[in-house]
Amino acid sequence: MNFPGSGIVKGLAVTARNMVGSYFEKDRLTTEQYPEERPKLPENSRSFPFLIYDGQDPESGMRCVACKICEKECPPQCIFIIQDRDAAGKPIKRPKVFDIDISVCMCCQICVEVCPFESIRMDQEYELSSFDRFAPLLLDKARLLKSNAYYHSIHPTEAAETDAQLEVERKKKEAAASAKAAKSDKPTEAAA
Amino acid sequence: MMDLLEGAPIQLQAWFLGLLRSFGTPEWILAVLSALIIIGTIIGVFLVLFALTSVLERKILARAQNRYGPNRVGPFGLFQPVADGIKMITKEDLVPRTADKVVHFLAPVVMLIPALLVLAILPYGRGMVPAEMDSGILFFFAVGAGTEVAVFMAGWASNNKYSVLGAMRAIAQMISYELPLVISAIITAMVAGSLSPSAIVAAQGGFAFGFVPQWFVLTPWGFTAGLVFYIAALAEANRSPFDLPEGESELVAGHLTEYSGFKYATFFMAEYIGMFAICGMFVTLFLGGWQAPVPALTIIPSWCWFLGKICFVAFTMVWVRATLPRLRIDHMLAFAWKFLLPMGFAAFLSAACWHYAGRGPAAWILSLAIIGIPYLLLGNSFTNRFAVSRRTYQFSE
Amino acid sequence: MTLQILLATSAVLFAFGLAAALSRSNAIMILIGIELMLGAANLNFIAFWRFSENPSGLAGILFVIFSIAVAAAGAAVGLSIIILVHRRIRSVEVDDASNLKG
Amino acid sequence: MMCAFFNTVCADPLKFLGNWFVVLPAIVLLLAAGASVVARNLIHAALFLTLSFIALGVVFIALGAEFVGLVQLLVYVGAVAMVIVFAILLTHPAQLEKSRTPFSGLGPAGGAAVGFAVLAVLLAFIFASPLGKKPLPPSAAAPVAAIGEALMGDYVVALIALGVLLTAALVGAAVLAMDDKKP
């Protein structure tokens, strides 16, 4: 048999503990004061996709080859790519236009999964609000391109894995190229 | 130094009037002016308290819920009331097309008048009663009854079903809780032998054994009556957990649904000033009014003690608001009629026995027994009746 | 100020109440008329007490207190009867409650 | 004490404001009562009735019967007026605006005629009587303590009877208004 009213006293004690405790214990005051304090995002958090370039120059270091796989796979169809052409009108492996409409994007990461060149990755930038519905939310190539170093800064583990994989692929390709070169060398020699 | 502060408000007023008199101001102007000074001071003090409470309440509630609360406007968010006030005044004053325009306009005025009038009889300090009345307690409750009229006017004139429902709930609640409120107040009047607030405060003066204050709340019957008064005061001031009239989850905002802008601000202000008034009454009746709790602290001016105690009681009301969820309407009315009212009568009986048994140790035991037995019986029957049974869901297997 | 003013006020109030009780069709309005008449009577008691030779006798005051209490009891019972009638015949017009009319 | 002004007003209202302290609320009382009687809207009638109760309480206070005036306010404004309003809302929600026939029984003319007849008789006696021309006694106070002692002394039987009556009325009202379908 509980003493009548004991529940109310217990409840009052709980709130009193919180009232006083929130001034002394950090655990009891978990609010982050947003503009001054930034949340420390978990490493795997993601917002919208961005494009990676290697080296210093965004244009020359661009990994994207305008294969348009991401454009085809994108469920809400928010990616828009036009392949670049050289002076002779011959297509080259580089996008002329690469737009992502982040007002449509649903952050599903499918573009990242399907990209064979590890060129597109998810960003952590979340302060994207703007006063206009259209232009500021349509990210063009210039705004999408970010350096590999930036990628390392936001997703270190994943970036290291990607780099290692790219290195393996590059080595394989070199080996294949050198093998091919060796192979092609032989017939010429033979022909000679 | 402290003696100077003790009489400071009265001295200031006398000095100011003396100054005017030396200029040859007629006597009747001085009489009216002396009243106006007091009215202005009291209203000013309570408006400042209201402004402070409106921000501190939110901060305390926030801390109880592990949040920061308002801290953007000014240092520690203390200018929040100014921002709120500007917002309230600049908002559009909406009146529904089908509303009863005159009654709709009068309701906030009628709400504010009793809230301000009842401040007249509170003893703010030693010899500081604005209107010394023979039946001050009765005045408090009689004028306070005007609030019900205002709530009804607001609810009915809005011509909105939520408003009317909220107003009917509010009236049912106020009528039900007025009984325990008045009965617990009458007990102190009975023991003190007077309906005058200053006489009741005087009856609580002095210290037993030289250090224990003889406040009514420190006796068994006084504690019970004080608790009954406090709970009923929560209901009368429409404070949580009895804030059903404006239960936003079911009634939008009750009788305030159709009010906006300055009219809403007036209601808000009247509610808070009414809360302070009833806190002041609680302090006067049970917490010894302006008396200091320890003999050594009597050097602090009496009016500081009174204001401090009001702030303390108001803080506990915020604390209760942070703790308890809103009651259901039938539970609330049942609580008033089946628990608070019998406990009020028990305290009544207990106080009478305490007085006639000589106010000694035997009286204490007797009055404790008279309180304790009904408390245990009623409390247990209540907890059993409203015990939450295990929920069963239709398709839960 | 003489007693006449107060008594005249009380008489006018009583006439108002009487007119309401006799002519209005709504039962609640009739109750309001009765309350006005009781108020007029109370005003008379207080006026006579104020002008009496022996005001410390308090008879007028005490009579008014009793009268107020009785009026409150009457109002409570009367209104619950009105609610009961409304529940039976869905109306509070006194003309509608005519089951016993020959 | 703190404010001589309030205290002189409270001690003897008539001395300070003169007869106006009685006459003004009396005028308000009559106007409100009249408006209440002729109001077509029931809620307006109830609100005017509340105003007339308040004015009556002020008249009592002005005449020196402070305790009775406050009891009048507490009981009539706080309880009776609110119970009337409650009854109106419970019984009449749909047709508040248009009472079918606001008058019945004697009708407005008959009611007014009876009212005037009674008023004429009363006024004739009031103004004929020499009692009415008595001057105002200097002051009459009804201290709360004296009222309490009288209630507990000479009038104790009446007080107990009143208690029984009120209890009976409370129980009776509750039983009457109880829904008989589900006890």
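As written, the chains take the letters A, B, C and D, and residue 1 is the first residue of each chain.
The rule we apply is simple: a contact is a pair of C-beta atoms (placed from the backbone, for glycine too) under 8 Å apart; a residue touches a chain by one contact, two chains touch by 3 or more.
Note that this is a predicted model, so its numbers are computed, not measured.
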(Q) So, comparing C-alpha centroids, which chain is the farthest one from chain A? (A) C
Q) Quick check: more C-beta contact pairs in B-D or C-D? A) C-D
**Q.** Distance between chain centroids, defined by C-alpha means - chain B, chain D (Å)
**A.** 27
Q: Calculate how many whole Å lie between the centre of chain A and the centre of chain C, each centre taken as the average of the chain's C-alpha atoms.
A: 83
Q. Chain A to chain D: how many Å between their CA centres?
A. 79
Q) Using mean CA coordinates as chain centres, what's the chain C-chain D distance in Å? A) 8
Q) What residues in chain D touch two or more of the other chains? A) 67, 71, 79, 83, 86
Q: Select the category (line, ring, star, complete, other) that matches the graph of chains linked by touching.
A: line
**Q.** Chain-chain contacts as defined at top
**A.** A-B, B-D, C-D
**Q.** Parts of chain A lying in touch with chain B, wherever the complex brings them together
**A.** 1-5, 8, 11-12, 14-16, 18-19, 22-23, 28-31, 33
Q) In their shared complex, at which residues does chain D touch chain B? A) 1-7, 10, 43, 47, 50, 54, 57, 66-67, 70-71, 73-74, 77-79, 81-83, 85-86, 89, 143-145
Q. Across the complex, what residues on chain B touch chain D?
A. 10, 31-32, 34-35, 38, 103, 120, 127-135, 138-139, 141-146, 148-149, 152-153, 156, 164, 168, 171-172, 175, 178, 193-195
Q. Mind pulling up the chain B residues that touch chain A in the complex?
A. 60, 63-68, 319-320, 322-324, 375-376, 378-380, 382-383
Q. Tell me, which parts of chain C touch chain D in their complex?
A. 1-9, 11-20, 22-26, 28-29, 31-33, 35-36, 39, 42-43, 46-47, 49-52, 55-56, 58, 60-62, 64-66, 68-77, 79-84, 86-87, 92-95
